[in-house]
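Read from first to last, the chains carry the letters A, B, C and D; within each, the first residue is number 1.
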Amino acid sequence: MSGWHEECGVFGVIGVPKAAELAYFGLYALQHRGQEGAGIVAFENGRHRVKRGGGLVSEVFDADDLAALGGSLAVGHNRYSTTGSCRPENQQPLVSHCLGGVIALAHNGNLVNAWELRQDLEREGSIFQTSMDTEVIVHLIARSHRETLVERAQEALRSVRGAFSLVLSDGRRLIAARDPDGFRPLCIGRIGEGFLVASESCALDILNASYVREIEAGEMVVIEAGRMRSIPLDGKRDAHHCIFEFIYFSRPDSTIFGHPVDPVRRRLGHVLADASPAEADIVISVPDSSNSAALGFSERSGIPFEMGLIRNHYVGRTFIQPIQHLRDLRVRVKFNAVRSVLEGKRVVVVDDSIVRGTTMRKLVKMIRNAGASKVILRISSPPILFPCFYGIDTPTRGELIASTHTVEEIRKYLDVDGLAYLTIEKLKEAAPAALGYCTACFDGVYPIPFSHTPSKEILENGGDWGQSPITKCEEPWSPL
Amino acid sequence: MSGWHEECGVFGVIGVPKAAELAYFGLYALQHRGQEGAGIVAFENGRHRVKRGGGLVSEVFDADDLAALGGSLAVGHNRYSTTGSCRPENQQPLVSHCLGGVIALAHNGNLVNAWELRQDLEREGSIFQTSMDTEVIVHLIARSHRETLVERAQEALRSVRGAFSLVLSDGRRLIAARDPDGFRPLCIGRIGEGFLVASESCALDILNASYVREIEAGEMVVIEAGRMRSIPLDGKRDAHHCIFEFIYFSRPDSTIFGHPVDPVRRRLGHVLADASPAEADIVISVPDSSNSAALGFSERSGIPFEMGLIRNHYVGRTFIQPIQHLRDLRVRVKFNAVRSVLEGKRVVVVDDSIVRGTTMRKLVKMIRNAGASKVILRISSPPILFPCFYGIDTPTRGELIASTHTVEEIRKYLDVDGLAYLTIEKLKEAAPAALGYCTACFDGVYPIPFSHTPSKEILENGGDWGQSPITKCEEPWSPL
Amino acid sequence: MSGWHEECGVFGVIGVPKAAELAYFGLYALQHRGQEGAGIVAFENGRHRVKRGGGLVSEVFDADDLAALGGSLAVGHNRYSTTGSCRPENQQPLVSHCLGGVIALAHNGNLVNAWELRQDLEREGSIFQTSMDTEVIVHLIARSHRETLVERAQEALRSVRGAFSLVLSDGRRLIAARDPDGFRPLCIGRIGEGFLVASESCALDILNASYVREIEAGEMVVIEAGRMRSIPLDGKRDAHHCIFEFIYFSRPDSTIFGHPVDPVRRRLGHVLADASPAEADIVISVPDSSNSAALGFSERSGIPFEMGLIRNHYVGRTFIQPIQHLRDLRVRVKFNAVRSVLEGKRVVVVDDSIVRGTTMRKLVKMIRNAGASKVILRISSPPILFPCFYGIDTPTRGELIASTHTVEEIRKYLDVDGLAYLTIEKLKEAAPAALGYCTACFDGVYPIPFSHTPSKEILENGGDWGQSPITKCEEPWSPL
Amino acid sequence: MSGWHEECGVFGVIGVPKAAELAYFGLYALQHRGQEGAGIVAFENGRHRVKRGGGLVSEVFDADDLAALGGSLAVGHNRYSTTGSCRPENQQPLVSHCLGGVIALAHNGNLVNAWELRQDLEREGSIFQTSMDTEVIVHLIARSHRETLVERAQEALRSVRGAFSLVLSDGRRLIAARDPDGFRPLCIGRIGEGFLVASESCALDILNASYVREIEAGEMVVIEAGRMRSIPLDGKRDAHHCIFEFIYFSRPDSTIFGHPVDPVRRRLGHVLADASPAEADIVISVPDSSNSAALGFSERSGIPFEMGLIRNHYVGRTFIQPIQHLRDLRVRVKFNAVRSVLEGKRVVVVDDSIVRGTTMRKLVKMIRNAGASKVILRISSPPILFPCFYGIDTPTRGELIASTHTVEEIRKYLDVDGLAYLTIEKLKEAAPAALGYCTACFDGVYPIPFSHTPSKEILENGGDWGQSPITKCEEPWSPL
């Protein structure tokens, strides 16, 4: 339903006129992956132009910007980041002058050894402009002793560990790569003579482009002069696709990891209905994120699907904190319960996940106030027990309600008449079989070891420790 | 689905602290009734404060504004108007200094005799600041020879003809009124010791306020010093509630004209399924406006309801016109088709109405491209044949596709395998029985006669002729 | 030097293409008469277009605005007003729809009977949109029973009392008028086939237009169809030109009241040097307002003129209040003393006037810190003892330092070695002889009686009582 | 008068609370050195905060910014740059993460070997974020193998050649340095327990701080823990102070290179009057830049100084190009001639320099139109024949009127009755004797050899070739 946030969407296009315009609409379709900022770097005839800013894609760019950007090649990025950051320079795509040219890089993910690499690089005299882990990659490319950009990128990406689905370009070629675990999605499409790369296929659909395939885990793709070639990044590893992309992050109309999302969510609903049936009159979703799962639950259980919650289309990004007697307003601004649907009914609410539980608690109250006689909650994923360190902005463990409460305690807190989650086994049963998954947020099994053992404190408090010393504004000067 | 636009939402609150804040959230919930601008006038201790601006409610006001507005009484307004208007002064609530004080007025509707009244008033030396029909009302109040504001308002509202659901205040009392036909909705709520007035009940829900009742057609309500009294505006007339409020304009979670909207839309789906059944595998809606009707159709027909179209939550208000080979992008920016849902399926699309048909044509193409084997269209209202002159921004008759084409021609244009509308009889059958309706847009029977016979040309071209000479920017100077 | 502020500059143009552009540059040249806001109304082929906003002329308008405004006739206004006003609607030119057309009005001055007229008009049912006295004039025009606009304007302007130099237009003709006392300046110019009207001739110079003549006190000028005619407003009265326009308000390169300003200021310097000679090494001005008077003083006294104070060209309109140990910064932001000029010198500082004395005190300290051995102050006007009620924003009497302190006390407060003012007689001797003057701020002789005797309190506290009950935001509702 | 532009002002402060506030006012006073942008980096307790933006200092920062910046140490920068640059990243102070901390750097000047150094650095894997020559310095510091920051900075500054007056800090110490030629000024001041560094002493005066001394050519000053130490940068070289700083760039109330500016300009006037006397009635300046020289000319020649041109205080930074018949408006927007001063007079106009001559030509026309019977022009500097490559934005040689025309031809073009420049000898005679000067713009003797011989074409076309390949947006990708 919310509470977890993707950190980015990435987009690349090559071989078309007005590439910035295509990037704009691609980012538009990927807006759900990051609403805090957006940027496009467009290349044309050896020149590059940049526009990056805070806010939604539609707020950052106007028609004049797109006309000025132009381009026959473009790299774009949607950013999620914590508000009020003191670092305006933390914008993507990252633009770096090096090797006698310019490299633009857009990255979705999180590198777990960025901190050590950065320390090494600074020790050797490298200068960083941002606090983003992403910047390490460009430095590794610039410092590589290999000949070509492709070889240099290959070498650099072999040095970093963690999650990365990225697009980079020097204005001549577009390079796209996924880490060997394949945490985040990244797919290839075609439009006319041109190629597209995008976090999700919905960014191809908006452009009426055709879907080609997912980039493989551990694969680097180089597109240049109208041709595409595939380069392996690394010795074979088992892939660990983020299973939460299927549960919540990606759009249901997207194809990710080679599989359409909606049927997976539908199957989650089926499995959930089988495992945790409910005696009820209607099934409702929390629109729109759990629509597919709720339809699946309804389908399998035979309980009619209804729209008991209405979502306000005009919710702005800023929220004005109201006076005290208007409490719970934050949720009422977003949703309203439909009395005529809910009154006197036993209601199954199907949601995709619970992070902190605070919003769900208010929704339940709203549903009860609208006359529901019984509220049964079904969650189409297992309890979230552990933070993510591979590109998702996670609350600390203490804030994850399932990490500190039993299911029965959560049921009481949410004031529902019944509560059931999926098990990890059932979850994997519903997800596409051939893929390997990362389920660390459910079971704490982190596929990538951390380079310096994270202290217990950090493990308790969450936070992306691969990156954390850098993201803080406080940097004590190292003794010289 | 779209194409028709409400012209306003109105809101009033009295007897609470920080009234502007309540108005803000009330307007937030009424945002669908007008996205071009918003305004709040707050009164406190004889002072008034105003903030009006262009854009969404969340864009017009920030926390500082609300704190500065304060107020124990507030009047608010959401405005729909054509873009690029040359009249920045056309903002509501209207604020007028008269009778030794200030009157704030928010109006939803359209007066058909505004032009004549204005000519009379100007001849007598009145000065107008805007081109809005609404301003006539304040002048009539100011010019009235009656003693009290209430009597003056009563007299003024007896002089105007047309559609009005309005809220006005002088800082002491809140006056709310609906025209004798009752075209537009307006309801009363309570919050603590205070009273609320709003176009739809969803504006009460967001504040957790209680719904009291609809203001009657031809009723004026005066709220002062914690008490409410009802004053009849006029000799009895038959009411003519806008039936389109049930079909499309109001939110499904609202109660209007005393009746919840969702069950009416559900019944429209039932009736439609009975009258025009379809052989199909799935029923889909055009989210979110036809969700209720589509669920009703599914329910009655037994064909499963599916979500075959995904609506983008981040559609901005401005649209950047793309380059030519991206045509049909405007609809893809808003919607995407879900291939896994639609592929190989015979699909019934239920929509609430067709105005011009251009968007539906693109949606049908998108649904077919996603693999639907058959597309059958069912519309939960009759063909729109005539323009509205009671507060809705209507295209000219020539632009109304049903006005110039047969159903079969429309079917071909939209490229659907089947097309059926509701009849007016079936529509009235599904709508709440006790109410009288205006169905002029379907049958051309206009309940209020026009003061000067509209020329055939105007009737053909549409446009709100009650108001039109005023809304133009070109005003030749009258010979003096 | 400052402390007093004009309330407006007005500008009109007729008979040229792109009239708004000319108005823009005219207002640019009149910027010193009002920096808080600006507005232009342009008429063309019976249409009017308006742009008004807060800030400097160069901030309010951009090239797109001017292109959109266009016009063959335009009325413009520079506004001075107190910051943070709660009335955004108080913008000029005032635009009123009346008499079947539109009237634009720009006014410089202050009407002393506006409050009574407004009460009468509201009692008769007139509606006001602003709290400006100016609005009364349009209502009187609209309510007049005369036939033509010219006759109506004549009648209206005969009813108001006080200071007005105004420009109004209905899109066909440009009407300009000065009150019978002729408090504020207003002149006529020609450019090609067109006519211009402006507060000062510097607005003609910037357009390379030719100066024709000052509009007479009590004269109304009507320009239409390429011809200009003169209409007397009233029975003959003695004129009372604001003598402070010569001392400080107008630009030295302007011609006002038919006389160039610079020679008058030069003569003030001569007379001052004769009446109050000083033993000193150099004469300096407070740039740029007292440059002319200081040059005159130097010329007559034979003491060399030097530039001992440098004025910062980049002073913004907003001032950030610094931390405490940076006190006196406000004056240092604007001026710096030149040590190499002042060190060891006996310095005569010539300034045009002293209002509160606070800035001068800091300047004196700055001059002393730069090494001046002696600082002698000469003021090219008499002590300001009384507030102005004819269009100038005046502090209360209590704030006028000369109203509460003797010259010797002021000398001590300013910490100067000598201080002398001009006498009223000497002032009149230096000013052009044929003109009558208002010297109320020096002698309390107000040429226009107040319609309701101002209370002693108001007289003490200053404030423009002709207008004051209206300009307040607090308006208790009158009993109905 | 104009036509040449400084490229920067720099400011540093250490050892005071609210350092950003002091930097703000320091930059305010240095605004004439760069109006295109401004930035402040403030350090406090190991944290740094940055605000940079386009426009005037008063436009870039508001009170909230200054409060947020805080700091006990701050580095500030005023930027001049060509409009419409495609590189928003070219902002100063430059902020770099390196050596485990952050370095902020503000630079005034131009490095002539930046291009080669950058090529070397990129070849070794350094990444650049901007196209500014300044960035090279930080890379050299980061790459140095010396131990401490001070040693590293010393080494880096020994590697670069050209003009630099810079301030840098790591949050602990403030380092300020001038190149061995000492092209641009940089001085030290004290405020309470703190130290200040500024391009000109006027930035100390605004803060009421005391002037300590100029930083020597080739000196690096390190301020840390309340103490200041001086470190020589290089083996002794002859200094070459930019003589144009005395002629035009610096403010007359500043002390630069250890000498107050106003007396130098005064002496230029004396020498000019001696060398090129004129028969005339009055001497006027082009306010305010040539005021001092004109006063000097008047003083020596005995011809009275008058203010014949009035400068508009409200000239905005943007200029709206008017319609054709308003030609020459650009100069009339800035200046107006005072007829009463000029009419019938033989006028000596003293200006500091002529770059292109276009503005002066319009001023002369304006002065003649105001009635001057004769216009004699005296320039207080020699003809400008060569472009500057040490930090000034110069037009190409072809645009320098004196480079392509004889004095007599210039006289005819400007339409003056007489024209004389200073000789280089007289100029040096008037300037402080002990200093060495760069007079390359007058005599083509460039004190620093260029690392790669500039082609004849570049020499003809001007442009800063030390930097030019970098400042262009077009960067062809180097063959890999």
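Assume a residue touches a chain if its C-beta (ideal position, glycine included) is under 8 Å from a C-beta of that chain, and two chains touch if they have at least 3 such contacts.
Bear in mind the structure is a predicted one, so any value in this text is a computation, not a measurement.
Chain centres computed from CA atoms place A at the largest separation from chain C. In terms of their C-alpha centroids, the spacing between chain A and chain C amounts to 61 Å.
Between chain C and chain D the centroid-to-centroid distance comes to 37 Å (mean Cα coordinates, whole Å). Chain centres here are Cα averages; for chain B and chain C they lie 49 Å apart.
Shared contact sites, meaning residues of chain B that touch two or more other chains, are absent.
Viewed as a network of touching protein chains, the structure reduces to one closed ring of chains, two contacts apiece. Contact annotation for chain pairs lists A-B, A-D, B-C, C-D, with touch applied as defined.
Of all residues in chain C, those touching chain B in their complex are 45-50, 86, 88-89, 95-102, 119, 122, 125-131, 138-139, 142-144, 147-149, 152, 170-172, 473-478, 480. Interface of chain B with chain A (complex): residues 17-18, 21-22, 24-25, 28-29, 31-32, 35, 56-59, 61-63, 66, 192, 202, 205-208, 251-253, 260, 262-263, 287-288, 291-292, 295, 299, 304-307, 310-318, 320-323, 325-326, 328-329, 332-333, 336-341.
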